[in-house]
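Order as written gives the chain letters A, B, C and D; numbering starts at 1 within each chain.
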Amino acid sequence: MSAARPSFRLFLRSTGAVFLKDLRSELRTRYAVSALIMFVVTTISIILFSLGSEGASPDALSGMLWVVVFFAAMSGLSRTFVMEEERGTTLTLQLLAPPGAVFFGKLLFNLVLVTGVNAVTVVLYSAFINGFVIRTMSIFVVTVLLGSIGFAAAATVIAAIIARANTRGTLYPVLSFPIVLPLLLSVIDATRMASEGAFFGEAAGEFQLLISYIVVVIVSSAMLFEYIWKD
Amino acid sequence: MNPGLRIAGKDLRKEFDRRPVFRDVSFSASAGETLLVTGRNGSGKSTLVKIICGVLSPGGGTLTVTQDQDGPVREARNLFGLVSPYLQLFDEFSAVENLSIAMGIRGLPFDPAAADGLLERVAIYPRRHDPVRTYSSGMKQRAKYAFALIHTPPVLVLDEPMSNLDGDGTAVVRAVMAEQRRRGILVVATNDMSDIETYDGRIDLNERR
Amino acid sequence: MVLKILLGVLLTAVIVSGFGLPMSPHPQAWYELPVIPGLEEKARIIFFHVPTAWLSVVAFLTSMTYAIQYLRKRDLAYDIRSSAAAGLGFMFCILATITGAVWAKFNWGSYWNWDPRETSIFVLLLIYGAYFSLRSAVETEEKRATLSSAYSIIAAVTVPFFIFIMPRIMTGLHPGAKGDPEGAGPVVEFKMAPNMRVIFFTSLIAFTLLFYWMFTLRVRTAELETYNQRRG
Amino acid sequence: MKPKIIIGSLVVVAFLIFGSYSFMQSNVEYTDIAGAMAKHKKVQLKGSWNKEKHASFDARSAQFTFWLVDDSGKECKVVLDGAAPNNFELATSVVAKGRFTDEGYFHATEVLTKCPSKYEAQPSELKKTS
């Protein structure tokens, strides 16, 4: 097809518009946010009940934080794409936006969603779980931030895949787990370092790994998205 | 308007599950012309419509769209407007919001006055601020016309143009079709020959299996 | 034909020599395998365990290569190859897991230890499992091919991160793991008596040929099946 | 289209390599007791088990305590979270991963044992036979 060369500014505008559309829709329906927050509250209280008066080792507690995050993310992040498919608006978006703008718009939305939810999770978790102490705040903050970006990146592309499949609900955790596992192991390790009181420099290796994971997943998803998105 | 505009398909074909839906579909249309697509259910009308609009890639063959040299150059996706039963609006938003979202995602400037004019024309102006979810199916169909026309597309593609419409609605659609014929290319996919008065080219998918 | 004869000869040689050659604490003749303290007769499983693990990785890479080819050319023939390789890979992955677990039971005391290598084979199993559940969840053939290709590529680019992260959080029992003073090289770099090494590498070659043969067979049957479906 | 794929693939490969460096970097450095005391960070302490001093497992705190001698002959107490590692008695040398605490012992999160190489005939025996 002969058409104008897509200009980068136009592309950014489309991306922003997709993001804003999802954000406004979420603010209006609050579907994903309420599900996510309820999930976080439920899992944290289950952890509280099962621990009872006994404490757990800091290692186990820093691992459990990410278990909460993982399952919360699994319950909410697929919504962006599944919702379009369920309401039949996938074609509408295909008509309006270039594939890349859809991908980055949705990625941005998931990023905002997961960062917000993770912030709430971390605050609730530190407030209610007694044995969970962070000695090196800087490591922890960077870990939560990079972890959120990584989760959003992996979740977005998997959501795009399962939205096009027939049985969605059960498929999402099955497909995500092997993809997210290296990220999960890495953030758990970094959180453990933060609770051990390691120096910021000691976690540099983890951060390097997290950053390269994020870039690799985002770049390869962006390349593959066009194929996933178009029938 | 749009004198250089032309769409042409050559030997288009599509398969699903290795079963051919259609093959050897060739056509061309220039500004001011109407293309009619007919064929019984399952003959691939909607598939061809999606291929023309660029949301589905053909299994083979080529589709060429030549833009008018004089006018402003548009991105490929902004050349087309589509109305069809399987196209859904974002139903938690109102009609006006849908139009502004569409223009935003297309990367084009949104003109509220033009939107209001369009909504008036398709007669849903009084309820333009209600969520689309609350509309009746006929109103949704009218809203889709506004959605397809807001960026004044050089090529307007109508799949089952009259579905869910009452007498007033069909009159509005006939006016839209006549206007599009003057301005650019009109593609209509239907089996109801009363939907359309004249056409310049016809693709009968029953012969293209 | 040549391939099948060669494969038969090589595999027979590996099986006979792997199981049959005597072990001696002081190997003198060329055919005597050394007795490895702590392993003894159990060492023989290495000729079969490592090749299966190797093949599950080779199959994964083959599957991914054909997945890329499919996305580029949109030809379902590549998807048949991609899924055939994945199917074989899944089978070899299960075999590697079982032989590994058996060996671990007799050497380290339990079937499963979450050693880095065990964890990575487990992840590979998960990926294969996810790949096939995705395939079964999509009805249209073209869509199934596209989605599973995309998934296998995404999975393939994240697998290396396991190799980067695993040794840092777990202690290795496997030879070549970081716990080993010899360093963190791949499995085959450990020291081995020369005659064992010959059998070991012959076995790797034989199994790779076996994979190639099974792969072409599966592709041919799959192609015949679709041909029949189209006619019938 | 094409250049996008090529550039994308290059970026993916570059960052995979970048990520692999994190793996090498994270190899916590090996040191002896004096070095470990001087640095207040996570190190890998290399030495061997002093078999004359008692090594014990405290079931209540789930910690294993033993004494480690490094190559310079210096000695220190090591407290490991968890049970004694595999083949601890057979080990020719051990590596403890962790850091020195203010209480003056080495707090290890992990202890690795180095056993004789596994797939070779015993070198001493080879000498005898040849």
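What we mean here is this: a contact is a pair of C-beta atoms (placed from the backbone, for glycine too) under 8 Å apart; a residue touches a chain by one contact, two chains touch by 3 or more.
Worth saying up front: this structure is predicted, and the values here are computed from it rather than measured.
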Chain pair with the higher count of C-beta pairs in contact (A-B, C-D)
A-B
Could you give the separation in Å between the centres of subunit C and subunit D, each centre being the mean of its C-alpha atoms?
29
In whole angstrom, how far does the Cα centroid of subunit A sit from the Cα centroid of subunit D?
34
Which integer distance in Å separates the CA centroid of subunit B from that of subunit C?
52
Hey, what residues on subunit A touch two or more of the other chains?
205, 209, 212-213, 216, 220, 231
Which subunit C residues touch at least two other chains?
157, 161, 164-165, 168
Residues of subunit B touching at least two other chains
none
Counting only chain pairs that touch, give me the topology of the graph as line, ring, star, complete or other.
other
Of all residues in subunit B, those that touch subunit C in their complex
15-19
Per the touch rule, the subunit C residues reaching subunit A in their complex are 71, 123, 126-127, 129-130, 133-134, 137-139, 143, 146-147, 149-151, 153-155, 157-158, 161-162, 164-166, 168-169
Please give the residue numbers of subunit D that touch subunit A in the complex, ascending.
4-5, 8-9, 11-12, 15-16, 18-19, 21-23, 25-26, 41-42, 81
In their complex, what parts of subunit A are in touch with subunit D?
57, 198-199, 202, 204-209, 211-213, 215-216, 219-220, 222-223
Touch list for subunit A against partner subunit C, complex
154, 157-158, 161-162, 164-167, 171, 174-175, 177-179, 181-183, 185-186, 188-189, 205, 209, 212-213, 216-217, 220-221, 224, 227-228, 231
